[in-house]
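In the two complexes that follow, chain A is the common piece, with chain B as its partner first and chain C second.
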Partner chain A sequence: MLRKKTFKLNYGYVFIAPFVIGFLLFGLYPVYNTLALSFTNTTMLTRKDDFVGLDNFIRLFSDKTFLTAVTNTWELWLMNFIPQLGIAMLLAVWFTNVRLKIKGVGIWRLLFFMPNLLMPAAIAALYFSLFSYYGPVNQLMVRGGVYSEAIDFIRNKEVMRGLVVFIQWWMWFGWTAIILMAAMSSISLSLYEAAVIDGARDFQVFRYVTMPLIKPVMIYILVTSLVGGMQMFDIPYLLTDGRGSPANSILTNTIMMYMRFRSNEGHIGASSAIGVMIFIMTSIVALLIFFLLRDKEPKAVKEKEI
Partner chain B sequence: MKRLSSVFSVLIVAAMLLAACGAPATEAPAAEAPAAEAPAAEAPAAGKTVLDVWSFTNEILTMAVAFEGKHPDVDVVYTMIPMTNGEYQTKLMATLGTPDVPDVVALEAAFVKQYVESDFLADLTDLMTYANELKMFPFVYETASDDGVVKGYSYQATPGGLFYRRSLAKEYFGTDDPAAIQDILGDMDKYIAAAEVVKEKSGGNTFMVASGGDFHNLFYANRANPWVVDGKLTVDPQVEAMIATSKLFRDSGFEARATQWQEGWFAGMNGTLTDAAGNPKQIFTYFLPTWGLPYVLAPNAKSADGSSDTTGDWALIPGPMAYQWGGTWVGVMKDSDKQDLAKEFVKFVALDEENLTNWATGVYTNDFLKAIDPAVPEGQSQAAGDFIGSQVVAEKLVPLFDDSAMSSFMGGQNFYKQWIAAAPRVNARLFQGSDDAIQRALNDPMSSYLEGTITYDEMWQLWKDAVRNEFPDLIIE
Partner chain C sequence: MNPKLKLNLQRALIYVFLVILLIITLVPIWMLMVNATRSTAQIQQGVGFWPSVYTASNYQILLDKGLDLPRGFFNSFIIAIATTAVTVYFSFLTAYGLVVYEFKGKKQLYNFILILVMIPMQLSIIGFYHYMSKLGLTDNYLSLILPSIAAAGAVYFAKSYLESVIIQDLIDAGRVDGASELGIFHNIMFPIAAPGAFTLGIFSFVGAWNNFFNAYILITTRDKYTLPMLVQTLRGDVYRHEYGAIYLGLAASVVPIIIIYFLFSRFIVSGISMGAVKE
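Up next, the complex of A and B:
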């Protein structure tokens, strides 16, 4: 009996081995290596790699550009994530609502999800030419008499930030909506029926039945979006010159990291320092999300219910 | 059970976080990337010495095949990685110091100097004998030299010139003769005065230049000081003049506000540029180098619907200042174990009279290459007209271009003769590895300044911040 049990145990190790090995190799080692590199002045085009202590981090904080990048990243992420979650939630509630019975849910879902399938490079190129000085937006607006002279949108900080926020929202709200719909449709119908029989209104059903039951999914969405948002790269990188132009308005953490890596000597030490900062920042906020949305079931309440 | 599963989900999410955050910052994924590129290179043939050549265009493949024709025992494995968004540079950097390092690399003007200044290219100074024999234009080997050590050569020289529309020149200045127009546009003050005339006589419907960015190269090429002097970031008066001129062009409406390499810039080449309200606009001049003629101007001289065609309406003059733009150099990697063969390849590509002649005169047709290697891709060939780095060979070739397709595009002008006159005036001694990044960092603050959204001082501050961000060791005041 005992022998059989140990055999089973070993078998389990074999099953989890691929993940553990993959994680150690592609998850933990890169993090360790990034951390180690961030304390050196390693560059790719010279053969130097000396330990420089916290120099890279000191430089990072003495230099306004990094703070600009961090603020930009947070602003760009929050400005697209809040409406993204709101709209996705609204759509998910509508499409899973038994009373509304919206037709063609599958088609709508496909339409909302479609932008997510497009290549960021193509989207960035599309919006760049739409809004360029000689582009169609200016042509339509001027010929339609909306304004009299072409506007250089590409050089306008607010317009470019707005575009990044819009594109990110547009690409990702469908994804969020689908995850939320999946979570909502897995909630047992009898709970809704019971709530309705008890006289709950739509908002009350949402607040007291739907919300608590989709909390695990909410945590998942918040954390994955946070990770994605902190690493926002492709759209702001491709939309203008790849340096966060105009005037650093769409410079994000990862663009700055890549710029250092791409600088003429390839300063991977200095760019690792940014990577480490992104990692620390993301981890703290992710843990905060877990903490705030943890299961709050104090014993006192339970006892009262009983 | 519930607690256990939530612990697990935390772990899994944490693992995803780790994996997602860590990866981009390390060189591991980048180092693996070239392997994924392998299908782009042909498989090495058995029993032959393999020479690994990396480039960012298909141009050198033509010469690689020709080289195989001369050396049947050599198999050149050619890897092409496009330069879009710095892909080539990133992948090349990632191979440095690893066994994957290629034997021969092509280096573009934007980054040739940083490799030349580094410790990764082999010393090719002994090939200078051949370069002197062929009278290579000095800026070509100066660009690839560091402290007198030559580490790369180029088959081409890429001096720049000023292209103008003959019909518009006649309209505004009464002549389209290149010598007369050169007198009118011979220096920057004259160029500015002419811009005024063009604007006035056309009623603002013809712009002197499509984009102010077009003449940046001219100012950069004529500086008296490099960007970095004794480790300190320095601004040369020419750079200040460049910004002042750009501002003047923007504020006076001498430039069409197009962006280089974008729709409006190309539309000006075939005369189909229209402003947002639909009014047709013309561009009088374009600053382009040697390769700009066959690769940029000629292919865009006809509008997509064929309604407008500027073929035959162009002429080339030296313009206000001598400059050069772009170009491809070839060098040998120090870590390559095939030094002699790699050197032989560089010599063939850049310093072989026969190869240079064939290259510039259109001998390397697709059929020619297919005869050597049947696996050559369809369309791989080199048309006549690329301007080569050797003065001796270039001078021999001049008469061939008196009457060619390209000279009829230029209204009968022999463009080759123009390039020969332009090339010796170019100076590359101030060229530094950090130039490209420093100049790029200036583009964005400068356009914000031209736009009027920031002040002159704020522009310099933004630029210094950007440069500091990329160059940790530079002294910036």
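Up next, the complex of A and C:
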């Protein structure tokens, strides 16, 4: 028999080929293109696309609006993340506690999670209607005698910021609770029993048994929420006029990026620069969280073993 | 205090807290549903918590004002279904390649995919738009659907799932029977992975249905607007004071998802925890 030296095809490559090609075309090239555009003064109307070096970035850093957008994004994220984690932690501890035996855990969890799946665009428009001048909130308050005249919530900076924070919290605490619950129920019961036999109280069990064991999941929640929070767009965009009104109080990074993109001339060079900045900022903080929290873990475990 | 009594008191307080939290969670959604059935006059007269009978007339107002709700529904549905099919098929294909075969660069590719999950879309969307407009693909649904071929998060999910269900013996048996490698994936492994594929499918569908930003950047023709884009137009002056109609438009865009949620909540809840809690 004639033995031909055949090329043996590794099917692994066949299976991953579509992903790799798709990634090169729709993932990598657009990222490269955004980076490249951020160094140009490209607009959509004019045909110019000259290389302008770091001009876009320099202009961004001297633009007070950008500083406002960055600060807003961070504040809006942090203010919703802390109560979100707090409430979710309470729910997860209660729902998984064997002594409390809360009834209907599945149903509570089901209902608390529901807002997360609803269309953010519709939710923002809904809250806009609920808090509008003639909306239900004002109607209830005035008729109930809480205050005598309707309040123009939509033009109130603090109320609008509070509302963005509330909506984000409302949409996400159920998600966080489900993940924490899953993490807590994967902890072996014998660990809890041992702690209880040693005379640990509820809080001590939580602090010294639960917390260290769910740490990887906490990092996951923190990083995921951060990446999502830095992209916040739909809710603040649709809650007011799409420019972060009143007085830029809910202007976020992405809204600003969109405004550059849809400005009269369509400054896609300047818009790309904002996209690049969002990425750099998010990655630095995400990596920082990851390394700061991860490195401590083995040490803490060792200390306790001794 | 008596420990039994103390436990019961603790329990009672927790239930009170849970009920309050539940009211906060559900009241906005309930108001949305109810107001979609009430007339603008009723809504202006006062807050009501029971449904009324004006759904059809609210709908008529929307149509009269030129909001083509069925069209938006259809557009969103087509995009969501196509995105789901592409995401599920290609991410399981990629994950299968990563789980079953050994090849050079496999580990690097997987680590790379993990990093990709973290990249925000802001880094690519403007470059993507610019590139699509050069290819003449803006205002075309393909630009919304095709990127799902390389959905990093979905590959991560599919890989976690496949690792727990793949049986090497079945693959070997398939090879002995002379099945091709792709044939084994399509006819033997994919059916076994169906529950995982279904879970991933629900998430892709909901994600695509709710996605506002990408469509808002890429789609410009009014006839091609997706539901979230139509919802965005409801804020305009045309609908001023047509509260009933506005609520109906909003309700229509969230009701399908609520139905899907109640039908398949089991898959959704387990799917969320699966991404996060890995042994």
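Observations on the structure shown:
Here is the rule we use: the second predicted complex is superposed on the first by the 266 of 306 C-alpha atoms of A that agree within 3 Å, B and C clash if a C-alpha of one lies under 4 Å from a C-alpha of the other, contacts with A are read in each partner's own complex, and residues count from 1 in each chain.
Heads up, the rule we're going with is that a contact is a pair of C-beta atoms (placed from the backbone, for glycine too) under 8 Å apart; a residue touches a chain by one contact, two chains touch by 3 or more.
As the structure is a prediction and not an experimental result, all values here were calculated from the model.
Because the two structures share chain A, they can be overlaid on it, and in that overlay chain B clashes with chain C.
Contacts of A:Arg243 after superposition: chain B is touched, whereas chain C is not reached.
In the superposition on chain A, contact is made by A:Asn33 with both chain B and chain C. In the superposition on chain A, A:Ser129 makes contact with both chain B and chain C. In the superposition on chain A, A:Asp198 contacts neither chain B nor chain C.
Once chain A of one complex is fitted onto chain A of the other, the partner contacts of A:Met119 are limited to chain C, with no touch recorded for chain B. Judged by the touch definition given at the top, the superposed model places A:Ser272 against both chain B and chain C.
In the overlay built on the shared chain, the residue A:Phe23 is in contact with chain B and with chain C. After overlaying the two complexes on the shared chain, residue contacts for A:Val227 are found with chain B and with chain C alike. Within chain A, the residues touched by chain B in the first complex and by chain C in the second are 23, 26-27, 29-31, 33-34, 37, 129, 134, 139, 143, 220, 223, 227, 230-231, 238, 254, 257-258, 261, 268, 271-272, 274-276, 278-279, 282-283, 286. The touching residues of chain C, counted against chain A in their complex, run 7, 10-11, 14-15, 17-18, 21-22, 24-26, 28-29, 31-32, 35, 43-44, 46-47, 90-91, 93-94, 96-98, 100-103, 106, 109, 116, 118-131, 146-147, 149-150, 155, 181-182, 185, 206, 209-210, 212-213, 216-217, 227-228, 231-232, 234-235, 243, 246-247, 250, 253-254, 257-258, 261, 265, 268-269, 272-273, 276-277, 279.
Chain A contributes residues 23, 26-31, 33-34, 37, 41, 44-47, 56, 59, 63-65, 129, 132-135, 138-139, 141-143, 149-150, 152, 154-155, 157, 216, 220, 223-224, 227, 230-231, 237-238, 241-243, 245-248, 254, 256-268, 270-272, 274-276, 278-279, 282-283, 286, 290, 295 to its touches with chain B in the complex.
Residue ranges of chain A in contact with chain C, taken from their complex: 10-16, 18-23, 25-27, 29-37, 42, 87, 90-91, 94, 99-100, 102, 108-115, 117-123, 125-130, 134, 136, 139-140, 143, 170, 174-175, 178-179, 181-183, 186, 217, 220-221, 223, 227, 230-231, 233-234, 238, 253-254, 257-258, 261, 268, 271-272, 274-276, 278-279, 282-283, 286. Contacts from chain B toward chain A in the complex involve residues 6, 9-10, 13-28, 85-86, 89-90, 93-94, 96-97, 111, 114-115, 118-120, 257-259, 262-264, 267, 273, 275-278, 433-434, 436-437, 440-441, 443-445, 447-448, 451, 453-454, 462, 465-466, 468-472.
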